[in-house]
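Structures are listed in the sections that come next.
Each of the two complexes below includes subunit A, the first together with subunit B, the second together with subunit C.
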Partner chain A sequence: MNSHNIMFIVLAVFIALSSFMTVLTKSIIRAATYLLFVLLGTAGLYFLMGYTFLGSVQVMVYAGGIVVLYVFSILLTSGAKDVVNNRTKKKVFFAALLSLVGFATVLVVLLKHGFKAAVLSAPEEGGITIDSVGRFMLSSGQNGYLLPFEAVSVLLLACIVAGLLIARKR
Partner chain B sequence: MIHLEYILIISAIMMFAGVYGFLTRKSTLAILLSIELMLNSTDINFAAFNRMLYPDGHEGYFFALFSIAISAAESAIAIAIMINIYRMLKDISVGKLEKMKW
Partner chain C sequence: MLFDFNVISQWLHGALTSVMPEWAAILTESILVALAIITLYAVFAIILIYMERKICAFFQCRLGPMRVGKWGLLQLFADVFKMLTKEIISMRQSDRFLHNLAPFLVVIASMLTFACLPWNKGAHILDFNVGVFFMLAASSIGVVGILLAGWSSNNKYSLIGAMRSGAQIISYELSIGLTMLTMMALTGTLQISEIVEQQYAEGWNIVRGHVPAVIAFLIYLIAGNAECNRGPFDLPESESELTAGYHTEYSGMHFGFYYLSEYLNLFITAGIATTIFLGGWAPLHIIGLDGFNGVMDYIPGIVWFVGKTLFVVFLLMWIRWTFPRLRIDQILALEWKYLVPISLVNLVVMAIVAAYGFHF
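And now, the complex of A and B:
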């Protein structure tokens, strides 16, 4: 039982509890806060796997950008007092049943597949450094990601224009 | 001893918590929060499969990276739509949304 495993257990419990609370809590602003905790825990998992750049992107984009955007929009639409309790018992029952059945199915498939004994070793740089990320991103060769990189840049530009166009005052 | 299954079980818990929230919530913003949960669980799977089964490859890593970028774009557009809906109808719960034209 080294510190690596203890950190993993702490992160696992933290992520599981926070994701339950995200969907079970009544107030939507609390749900956004628990989502922030889930995203930070996920970043911790990436750090544990040795993917430091992915973990920092997760913290910066998700925890720093998207959650702030959500909190802003919740407050702008006066959703903070928007208590979600008008759901019927039957609907909650069927939703819980569907998620439990789906979870059980996924669990059975995962455990029966028997992955070759893949054990996470001590955290290291995981073979992918920031240097190699940059090289892969901008190379058009066999292992390059230049085309998706440019496609994402066009997507973000279109997203900025569309966001301004949709949310503008008329 | 952290096995691959443990990480996959965490991401499955996150995924089906998201499914439950998607089906029970009324407010569209809360539904978006559930969608973010589901997207995040798939990112964990990509990274975990890459790290543990194919440590020499980098495909899952880049898929997770691009997925984060695309979900940022998606939530920005969705929030712009929510704010527009709020301006039109003064309410963003799914029960009140019956027309797409304005």
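And now, the complex of A and C:
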């Protein structure tokens, strides 16, 4: 038992409870709030493993970006007071089927994966500095990500242009 | 030479590990650090509120609080006790849980950012390799708190106010990110301790980066002021025109949290400006005057850091009490039509300066 294991258990329980609440709550804006907790807890796990860049990106993109976007769109549409209540039998059946398949897949992956007990013992920032992330991002070599990086930039540019096209004054 | 805080932290770690196992020692240290953050948070809130009231008074040719204690020094404590004993009213048909949660999200975001500040050589709490990026990420959690506060108040004015503040903060984050990027192009590192060490060795960034750094500093001050809902951008404060903002329905200490985080965000904005532009805890050095530099090194780093930060706070308060309040469309136009283009051009200029080595 060391402090990392204690922190891991705290975070794991926090994430599990928040994800249950995300699904179980009736109010859509509360679901978004619990989702924020799940994402923050995941960021906490990344920090625990020493992946500070990944953790910061998780907080920046998901907590500060996606959830804000969700909350904004819930507030701007009339959905804030929407309560999920129109449950037809067909919907319930398909939802149950989908979650069963998902649960089975996660279970199989978990059982087949050989977990190592000692992985969490020494979190170090050492290997993955922001410098190396930047170099890999802009390298076209073996482990380079230049092509996906540029492709995503083009995609984002297309999104911005499309947004301007929709929002322009006629 | 300059005092190194590592001496104290290593002595504490050694003393704790000699009486208890390693994990318990780390846990104890974490709790001590958390207590230190919370205490500093409260102390600086009190200092800043007193400073704000006095400076505001002097700008308006008044004296400010004078009755409670000498020069009104105890006024703030009276205010704090008043705030603590006030009733927390809950709205009918509002989402209680989110209503109570929202102020804590705002406070947590500002405390996480507060923990990134470098207080002295060796005295930083969170010092990641991605420091500045983490700081920007942590400060972006606060927007969720503001939006939830507006929605859960079950009040249309609050909701509209939350939308206004949310749009304002999200927009101005862009300028802050771009100015940070500009300065990172100069420093070449994101680790806050390294940024300050570098400035200690080679001079403050605002001098090293000359023209683009000064432009970035000015843009950062404007955007930082808008980011903490202050200065000419304090729409939530305009209760007579706009029925205040997202915190209209909050009372007692829940309102107190917003108040607290507003002042601490001011301190954090000034602290980041100090760290990135004005050398953090690095003393004032003038090339060629070695005797003068030696004397300056005897002043501890924390005095330099807090002194420079309070100076930047004074600049921000000066702006606040001088300019009239902007309308929301003017605020957004200022950001998107002026600050963002200027900072983009500034980024290119800084890239040229850094690439060709035109800096000092």
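Throughout what follows, the second predicted complex is superposed on the first by the 135 of 170 C-alpha atoms of A that agree within 3 Å, B and C clash if a C-alpha of one lies under 4 Å from a C-alpha of the other, contacts with A are read in each partner's own complex, and residues count from 1 in each chain.
Just so we're on the same page, a contact is a pair of C-beta atoms (placed from the backbone, for glycine too) under 8 Å apart; a residue touches a chain by one contact, two chains touch by 3 or more.
All values reported here derive from a predicted model rather than from experimental measurement.
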* Examine A:I130 and indicate which partner it touches, taking first as subunit B and second as subunit C; both and neither are also allowed. => second
* To do: Would you sort A:V71 into first (subunit B), second (subunit C), both or neither based on which partner it touches?
  => second
* Determine, under the contact definition given at the top, whether A:V38 touches first (subunit B), second (subunit C), both, or neither. => first
* **Greater residue coverage of subunit A in the superposed arrangement, subunit B or subunit C** => B
* Taking the superposition as given, does A:L111 touch the first partner, subunit B, the second, subunit C, both, or neither? -> first
* Looking at the overlay, does A:V161 come into contact with subunit B only (first), subunit C only (second), both, or neither? -> neither
* To do: Figure out whether A:Y145 sits in contact with subunit B (first) or subunit C (second), or with both, or with neither.
  => first
* Which of the two partners, first being subunit B and second being subunit C, lies in contact with A:F103: first, second, both, or neither? -> first
* To do: For A:V59, select first, second, both or neither according to whether it touches subunit B, subunit C, the two together, or no partner.
  => second
* Asked: Where does A:V23 make contact in the superposed view: on subunit B (first), on subunit C (second), on both, or on neither?
  -> first
* Asked: Of the residues on subunit A, which ones does subunit B touch that subunit C also touches?
  -> 57, 65, 76
* Asked: Given the complex with subunit C, which residues does subunit A contribute to the contact?
  -> 1-3, 6, 27, 29-30, 33, 36, 40, 52-53, 55-57, 59-60, 63-65, 67-68, 71-72, 75-76, 80, 125, 129-130
* Residues of subunit A that touch subunit B when the two form their complex -> 4-5, 8, 12, 15-16, 19-20, 22-23, 28, 31-32, 35, 38-39, 42, 45-46, 48-51, 54, 57-58, 61-62, 65-66, 69-70, 73-74, 76-77, 79, 82, 84, 86-87, 91-92, 94-96, 98-100, 102-103, 106-107, 110-111, 115-120, 126-128, 132-133, 136, 143, 145, 148, 152, 155-156, 159, 162-163, 166-167
* **Sites on subunit C touched by subunit A in the complex** => 22-23, 26-27, 95, 97-98, 101, 128-130, 133-134, 136-138, 140-141, 143-144, 147-148, 150-151, 159, 162-163, 166, 170, 190
* Structure fact -> In the complex, the residues of subunit B that touch subunit A are 1-10, 12-21, 23-27, 29-30, 32-34, 36-37, 40, 43-44, 47-48, 51-53, 55-56, 58, 61-62, 64-66, 68-73, 75-77, 79-84, 86, 92-93
